[in-house]
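Structure first, commentary second.
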Amino acid sequence: MSNRYVVKKIVGALLTLFAVVIFNFFLFRIVDRDPLTKYRGRSKLSLEQRETMIRRMGLSGSKWDQFVAYIKSTLQLDFGRSFDSTRPVLREITDRLPATLILVGVSTVLTICIGLYIGAKAGWARGSRFDRVSTSTTMVLYATPEFFFGMLLLAIVAGRTGWFPTGGLRDVGTNNGFVASLLDRTHHLVLPSLTLTLGYLGSYSLIMRTSMLDTLGEDYLTTARAKGLKESDVMTHHAVPNALLPSVSAIAISFGFVIGGAITTETVFSYPGLGLATADAIRNTDLPMLQALFLVASAAVIFFNLVADLTYGLLDPRIRHSI
Amino acid sequence: MPAVRGVDLEIAPGETLGLAGESGCGKSTLAMALLRLVPPSTQITGSIKLAGQDILTMKPGQLRAARWAQASVVFQGAQHVLNPVRRIGRQIDEAIEAHGSASVSRAGELLDLVGLGARRGDDYPHELSGGQKQRSLIAMALACDPLLLIADEPTTALDVMVQAQILQLLDNIKRERGLSMLFITHDLSVLSHTADRVAVMYAGRIIEVGAGDALLRNSLHPYSKALTASFPIIGDPSSRHQPRGLAGDPPDPNNLPSGCPFHPRCTVAIDECQSVDVQLRHAADDEERSVACVLVGKS
Amino acid sequence: MNDLVPSTSPRDMTWARRKQALARVWRELRHDRAGFVSLVVLLGFGLVALSAPLIADRSLLLAAAGRNNPDLASPSAQFLLGTDDIGRDVLAQLVWGSRVSLFIGIFATVVAVVIGSVVGLVAGYVKGKVATVLLAIDEFFLVVPFLPLAIVLAVILGRSPVTLAIVIGITSWAGSARLVRAQVLTLSERAYVERARALGAGTWQIIFRHVLPGVTPLIIANATLIVPGAILTESTLSFLGFGDRLSPSWGKLLDGAQSSGSITLNAWWYYLPPGLCIIAVVLAFTLFGRALERIFDPRLAGR
């Protein structure tokens, strides 16, 4: 792939990230009120301690001083302390990051694989029973709030039958052996990732189907048939590779929704990841946490968009050679 | 509504049949139908025989085997007929693979043959110019050694210089391999030195067939006359000063005129033309020529 | 066109043409089964929302209303959908909740469409530096994940329904702006715009009187497809803690159901109805929006 293309995309991603950082700064300074309103234990602080804290949070001095302090601390990954737990925000985030990474990672892989497959088949066999059934189903899936799936799954599967745990990351007391622990964690992962997968399966499938429908009218498909290729080969080698291109872009754009879904899904299943941390931070108006989580979420989306852009470059030779 | 009606054509081995007519007369539909490449909802009646076998009655497996191996197509509009995300070499190879044998260097040989060079096989379609794309299409069409090459407007949208090169290439190939060709075009000047025989189509019907040179110099059907008259003849300066166009538009296939489809635009139409739809019949003094006109073959 | 109004006023002719266009849309909608059914469903929900006071009294939403009732009681003659965790009538909350959910969904869409259309119109017509800046801002809002942004904005700006609607609108306008801009770019090449320019019309005049009418069908179709997203976002935000328990939306009901453990307690009447209502309304808006898209852009027919 052209180096210029890769560099251009990476620089773009970094610039966007920087814009988010700046935006973050201004966002939290819209409201001027006592920044320590929600800090637990504030009544026990002396005046000096208060001032020190405010200074540490970068909220004293002129706006420019504050800005510089903010940039410095962000680059050092110092996001202050959580209002709720009083532990450093960075620590809170790194503690919970792996759990969310696994959840979102597994779900995204499943959603992409299953969604693209269903969408491609439905679009190719347009009007067939498979198409009609799968499209109606995916439209209903698309209309459902993903946390509602979680609630239904909990009600049906976990509550009544007890096959799956109703929440958490693992059962306390199952620390004997790596395999047992792994199985246990997987057991806890099933329902949340199923929820998240179902939540976005609909939109990815519909995106791919539309893309496939657009590709159906292309002349090179006729050429392929004229050469004596089987229909399945025409679809796999000619239609799908071209239909993937707009799908990749559309999927990249919708990744922001998956992040949102992680927040609500973790809430439903009390899954201790960044999503649950966000929900808690909302309830406690934990500003430092919210600020940092917003930055992390944005960085994740920017990163995923970068990956999507680079993937697009891999898939479409016209883009690779032009820039 | 029938897009094409009552077509009865034969192409001998090694012969080039030119198929001429204005846009929308059904030439491309006819070409696509030869390999059953028209949309599934289209009905084809009659028989299409390639090397003795009827294409229309073949089962899907037989049809796929026959495609490209008995007859192949050089499609119109090189721009969109190639898969943009696959290398040229691969697209040629897959035709060969679909028919069983796979030879490593075959794509390269074919590309050499058409003057592109084997290394072009690694390129993607967007890296080729219009003329180069056309050559690659020809290379691809020869991949399975077909008996018949269907060339659908192979030189339209190309520069004149490139046109000449492509025509020369097709000529060489045809002679070296004894290929039959169905050369479809709206540009008669191209047919004058490529085609052995010419068929003229109008509103989905063949209205005149005959030996190429004779037909182009001396057409018998009023429409063919008007068509050939629109093209100036090199070597005959007077023809440049009297280009004669044809008034009116081709008819709407859903709303064909009664009787002969050409009669509304015909300058020599008689009363009978409105009600009688003439079939092709031999011209009086020329056994090789067939014309679908009331006025021809009467004497 | 066979009913040319026998009046010479250009304004009359424009309105006659618009009425004809509207009639055509209505005609085609009647034949589009999915579109027509979803329109009926939407009107049904709208009717229920408007007649909420007739179905259940507003006081039933207050915490006090539930004091004498059994908590999490299953459906009965008195409480058609049972009671919630503090004894309030679920049906009453569902009906009044439709008001809040629909209001926020539609108002948020209006905000998003207005911002998006203005940005799209200006960026598409004016081009140049202004457009570059606007597009950069648009790109920014497309990249930033909408839910974290909505959460942060809601925390900062407040939790009232109007604020929530504005917040959702702010996170949703970016997509429309792109669509509008693309359409404006196509339209501004058209002859009638050049003519208006040649005749000396001002920029804003051209934008609003010539370009805007051409873009309006697209804006409307797009708007109907933004509403479902807005409703889903509102339900998510309410579920996460925003919104008002005493004037609940469907999302808020789901939050109440979740946090009161009604799932494990099997109180299906508490969490099923609001969820199903959300699905129904979102699906109806989506199908209706697609039908409109098909009618306005015949090329999309057959999806």
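Letters A, B and C name the chains as they come in the text, with residue numbers starting at 1 for each one.
By definition in this document, a residue touches a chain if its C-beta (ideal position, glycine included) is under 8 Å from a C-beta of that chain, and two chains touch if they have at least 3 such contacts.
In this text the structure is predicted, and so the values were computed from the model without any measurement.
> Counting C-beta pairs in contact, which comes out ahead: A-B or A-C?
Between A-B and A-C, contacts are more numerous in A-C.
> Let me check something: if the centre of a chain is the mean of its CA atoms, which chain is farthest from chain C?
So the chain farthest away from chain C turns out to be B.
> Calculate how many whole Å lie between the centre of chain A and the centre of chain B, each centre taken as the average of the chain's C-alpha atoms.
55
> Between chain A and chain C, what is the gap in Å from one C-alpha centre to the other?
Whole-Å distance between the two chain centres: 24.
> Under the stated contact criterion, what part of chain C meets chain A in this complex?
Contacts found on chain C: 139-140, 142-149, 151-153, 155-157, 228, 232, 235-236, 239-242, 251, 254, 257-258, 263-264, 266, 268, 271, 275, 278-280, 282-283, 286-287, 302-303.
> Where on chain B is chain A touching in the complex?
Residues in contact with chain A: 32, 35, 37, 64-69, 72-73, 75, 77, 80-86, 94-95, 98-99, 124, 126-127, 140, 143-144.
> Touching chain C in the complex: which residues of chain A?
Touching chain C: residues 16, 19-20, 23, 27-28, 30-31, 139-140, 142-145, 147-148, 151-152, 154-155, 159-160, 166, 210, 213, 253, 255-257, 259-260, 263-264, 267-268, 278-279, 282-283, 285, 287, 290-291, 293-294, 297-298, 300-302, 305 of chain A.
> In the complex, go through chain A and note every residue touching chain B.
Against chain B, chain A makes touches at 218-220, 222-230, 233, 237-238, 241-242, 245, 315-318, 321.
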